[in-house]
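The same chain A turns up in both complexes below, where it pairs with chain B and then with chain C.
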Partner chain A sequence: MKKKGSRPYLYLTPSLVVIGLIVIFPILYTGYISLTNMNIYHWFHPEFVGLQNYAKAIFVFDSGFISALLRTVLWTVINMVLQMVIAYIIAVLLNTEGLRAHKLYKTILMFPWAMPGYVSILLWKMGMFNNEYGLLNQWLGKLGLNGVRWLDGNVSAFLSCTLVNLWLALPFMIMIIDGALQSVDKSYYESATLEGAGFFTKLRKITIPLVRPVIAPAVVITIFTTFKQFDIIYLLTQQQGSKTGADIHTVITYTYEKAFVTNNYGYSAAVSVIIFLLLILFSVFTNKELKEGYR
Partner chain B sequence: MKCRKRIGLFFLNIFFILICLICLVPVLYALGISLNSHNDLLSSNFSLIPKDLTLENYRCVLFEKPFFLWLKNSLILSVFTVLISILVAVPGAYALSRKRFHGRKTILNLLVLLNAFPAILSMFAVYRILKPLGLVNSFTGLILIYIGTMAIFGLWNMKGYFDTIPEEIEEAGEMDGAGDFQLIWKIILPLARPSIIVTAVMILIYVWNEYIFAVTFITSSSKYTLAAGLYALQATDYTRNWPVFSAASLLVSIPVLIIFFCIQRYMTSGLTAGGVKE
Partner chain C sequence: MKRVLASVLSVLVMLGALAGCQQDKKAALSAKPVESGASSMAKKEAVNLTIWYENDQKIGDALQAQLNDLSPDVKVTVQRKDKMTDALKLVGNDPQSAPDMFFFAHDKTGLYAEMGILAPITDFISKDSLSDFIPMTLSAGTYKDTLYQLPIYFETQMFMYNKKLMSTPPKTTDDLLKFAQSNTKNGTYGFVEQHSTAYYAVSWIHAFGGYIIDKDAKPGLNLQGTVDSLKYHKQFVKYQPSDGDYNTMTALFKEGKAASTINLPNLAVDAKKSGIDVGFAPLPTVNSTGKQLSPYAGIQGVYVLKSSESGKKEAITSVLKALMKPEVGVAMSKITNDAPANNKAYSDASVSSDEIVMNLKNSADTVVPMPNVPAMDVMWSVTENMLSAVNKKGGDPTTEAAKAQKNALSQIADMK
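So, the complex of A and B:
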């Protein structure tokens, strides 16, 4: 079975060639661009400027990178906490004994996951949040309240994006936690109940230790996708031609804007490299954690 | 006691019905608007259920916009991307799962790190690379990008599932003199069906829904995919076209919805076995 030879390399070659061309080479090239002043005026013959772009991103507070980074961390933490708590509650309730329609509910709850993401986001933007004919403001109007300009202010736009992200991401989390809960042996709970354990004792002593290793990979993946979330913030607030005025850039939309809107390629590349390094740091850290979880 | 339980279940059902409604409301609203004969959008007495049923908006999408052209482009792109991705990733994942060779650990760790890099951040670099090769505004270039972006996911996801298949089954096959190709074809593929189906569908859905690479790398609207076309449709004059846009977005979503719910039973096993574990 475990013969040595060149065959494994042969099998891997096609994958590695594509990854090399579309992933690795562009990353290295981004690293090179980050050391130059490449922009619209220096498209063909960019000059080498050393670490100037990096210095600007990290030390010039006005550049907006540090605040975007802090905002992204806040965004990730808030979303992950809400997602885990709400998904856990819904998954537990779905597993209530005697709930006959739970299959039907589960199918409907998967719906936002099945919809194309950008379609849902645009439907939220135009159908729900729109100032004049959005459903939310129509409902407020029916209650005799003034409409809210959901996507214009920083705070309300941030909360609106969080709401949409929850709507989009909860189905996956519910499915994962639901699957994990079903893998827990029911007899643990029965004997715990006999011994007089309360709800929180059972949660802490049985559910969390048993569910944790099962959901850990999915949670880590979700942390990454939340951190890297582009579509929601971009489509709701930053889309070219229909910017709402809210400045809630996360690092990804920030970098995108620097490259494709203000055409500051060198600077944008430097920011990309910084983000990449942060993500590597984080994945090394979580990888260790995950492996321990499996022991 | 029994009575209390009934009341509890009653409220639980109400709770879930409410949650399900929240889940569906943006889509139901779009459905209502798309079926409504237009212009009472701005009036205050608009309701979710249309008063004047019309298919006019759907007709407009299907016949006044290049819908079928975009559909054809989407189909071409997704079919080629999925086929090539699976062809490329299955042997690779098999090697990573079953063979022990020099550099295996390094490759696995490198893949995890590379996966951390958001594809969108290297978009500009990819553009500078593909432009001189003449691959901008071409399907080949876009397919290449999609395959490369999804390759790591494919490798990891299938490798993780292959790991769960006991090796003894193959050893028996190997005794009978079967080569790697036969082992993959006759033993691994049938056993790994859930993971291959889920991987293929995930890639398909990714291509179907991807708009930002599509609008950046494709410059002529006759080569747009459905996602790119829809994006362009709303980016230009969406206020006026909101009912049309709703109709279009629902039409675009239907194939994905059907595929998704068809493979839902494979989802948990096909997606979580891969994970990031080793």
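So, the complex of A and C:
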């Protein structure tokens, strides 16, 4: 094989420089800030304080952090299970033979994805969950029932947030599963039918093994976005000026309220680095699991 | 040939990517303040000043109109800047990127003063020249005994009612409670307010002798007065929509479904446009303490950045003197419906005949300027957590207040 020398690296350099500037540099700079006392009292001339901010940040991870972490795991599991099951059912229905106007259905189902998340969440908050004007309580009122304080209680707020997350996230999952289902050769199902296999046998023996490699990366991406979800929980229950009283902090909203409102950039950077490391660990773990799954 | 072309293109792309990092020397030079040695030249040349603001465009336009007369000696550009507070944190000490002055509410005074980016306005104008200003507006922009803000106008909350639904406004909070009890039914309300928002609930806290944070950055959430206000105020929440958010409460008043409310002047203007016959009354007095509800006031005014102090002193002084004139307060009041900070502005007929503005002016002695200490930044969220836990989740006021105080102290410590 001919030796290519350093030329490939020269070609790659522009991309590497750009990646370095927009990805690597901010991470390194955050790491640097986390070792300084950069706060409003030492804003333009921060001093090096070693690991002092990290020691302080560890105290952020108190009992409140542990419950937020457990809630985040529960949030991620519930959302992922519901997303997978509902998206699979809808994708299967969309692939029903002879279904008319299926492209129209697909377009409509993609609609929530096309809307800016911020707008969708606030529409849900005012349009659906508002105790006074919300559609849900208006319906209950018409049925002669008392309105529900959807976002005030911990359980009802958690379920309401889950509903909004599903509404926002399902289009992506439906699209991926739909594409994966279409990639499965129909002759497998025909042969299985001839062999007398039922719906669940075909699902277990043909569909799942064949679609798994296609949807696995999308599932990993969605797990990450669900784990890191900030907008839905913050805007529905914790937005300043309209806090609802529900305490359903996830790791991200908890650390935001604990660290980021303090204007202490050194301290906030240390918290960010710790969360970053947690996510890196999680990423390494899921990558390993995925590789083992492919074998 | 292809390899040569690819190599050349790679280098060009790399240079292109880095070109943006180059400093514009020409721009940097022109942005430099005029040195004192060239003072004779400077007198002839126009001095360019930039003022940032974040509010509505019409406010910026009105400021610009007031400062155009300074041309040709001083050319002022009033420039709207999104996320100005963050931008000032990043470039506040950089003469090449920062403006010379900015227009903002007084509550960030301590934050910027501690960062060291503000110049006291008394470096440019004497304190005596501000004797016509309402004292409350001057104390608002004072941090650690130094005046940093030239106040232009202020706003605060007022008691407003729908004359069709409320014939006589209540003088006391007990009267208001009775009215709310007997007039809240079938989707209409006797009284609505943003009951669980710190900015609004604080007027109740003050009337009971409590406070959110004092001028020495000491939180007062667990004070007896604060706890008493939470207990008493909770009775009102029962007769209001539990959401307590801005949209719900203002919509109820504008749609004629709420007889009375406590809110900012703009709501009265919007309600009048919606056909509501709006009346105004002094904020009610708490029976048990004999004190009137006293809300926060927000004072809008102009600041000078330390980075542009040298070389532009004369120009900045002329801008401040222009903005001190009563005409500026009159012009701004017409746009914002807020009250001018300069007492002389009230001799203008358009101001003195404005019911909303005069109501604001009359409350100037009882309102409390929003705290301008940096620690206030963490208090909004902590206080609101306490209020929503008590008002929306039925939490015990004493327990929630103690929890909030502990949280506040910990977050204030985390700021350092």
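We take it that the second predicted complex is superposed on the first by the 213 of 295 C-alpha atoms of A that agree within 3 Å, B and C clash if a C-alpha of one lies under 4 Å from a C-alpha of the other, contacts with A are read in each partner's own complex, and residues count from 1 in each chain.
One rule holds in what follows: a contact is a pair of C-beta atoms (placed from the backbone, for glycine too) under 8 Å apart; a residue touches a chain by one contact, two chains touch by 3 or more.
Here the structure is a predicted model, which means the values were calculated and not measured.
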When the two structures are overlaid on chain A, which partner does A:Y29 contact: first (chain B), second (chain C), both, or neither?
first
Looking at the overlay, what does A:N39 touch: chain B (first), chain C (second), both, or neither?
second
In the superposed arrangement, does A:P14 touch chain B (first), chain C (second), both or neither?
both
Kindly classify A:T107 by the partners it touches after superposition: chain B alone (first), chain C alone (second), both, or neither?
first
Which partner chains sit in contact with A:Q52 here, chain B, chain C, both or neither? Use first/second/both/neither.
neither
So, does A:G153 touch the first partner chain B, the second partner chain C, both, or neither?
second
Quick check for you: in the superposed arrangement, does A:T262 touch first (chain B), second (chain C), both or neither?
second
By residue count, is chain A touched more by chain B or by chain C?
B
Contact-wise, after the overlay, does A:S67 reach chain B, chain C, both or neither (first, second, both, neither)?
neither
Would you sort A:N95 into first (chain B), second (chain C), both or neither based on which partner it touches?
neither
Let me check the overlay on chain A: which residues of chain A are in contact with chain B and also with chain C?
7, 11, 14, 18, 21, 126, 132-133, 240-242, 259
Interface with chain B, chain A side, in the complex: residues 1-5, 7-9, 11-12, 14-16, 18-19, 21-27, 29-30, 33, 90, 93-94, 96, 98-99, 101, 105, 107-120, 122-124, 126-128, 132-133, 135, 138, 141, 167, 175-176, 179, 214, 217-218, 220-221, 224, 228, 230, 239-242, 252, 255-256, 259-260, 265, 268-269, 272, 275-276, 279-280, 282-284, 287, 290-291, 294
Hey, which residues of chain C end up touching chain A in the complex?
3, 6-7, 10, 13-14, 17-18, 89, 93, 111, 114-116, 194, 196-197, 199, 241-248, 251-252, 374, 377-378, 380-381, 384-385, 387-389, 391-393, 411, 414-416
Quick check: in the complex, which residue numbers of chain A touch chain C?
7, 10-11, 13-14, 17-18, 21, 39-41, 43-44, 56, 126, 130-133, 149, 152-153, 240-246, 257-259, 261-264, 267
Could you list, by residue number, the parts of chain B that touch chain A in their complex?
5, 9, 12-13, 15-16, 19-20, 22-27, 29-30, 33, 41-42, 44, 46, 87-89, 91-92, 94-96, 98-101, 104, 107, 111-126, 128-129, 144-145, 147-149, 151-152, 154-155, 167, 170-171, 174, 180, 205, 208-209, 211-212, 216, 227, 230-231, 234-235, 238, 242, 245-246, 249, 252-253, 256-257, 260-261, 264, 267-268, 272, 275-278
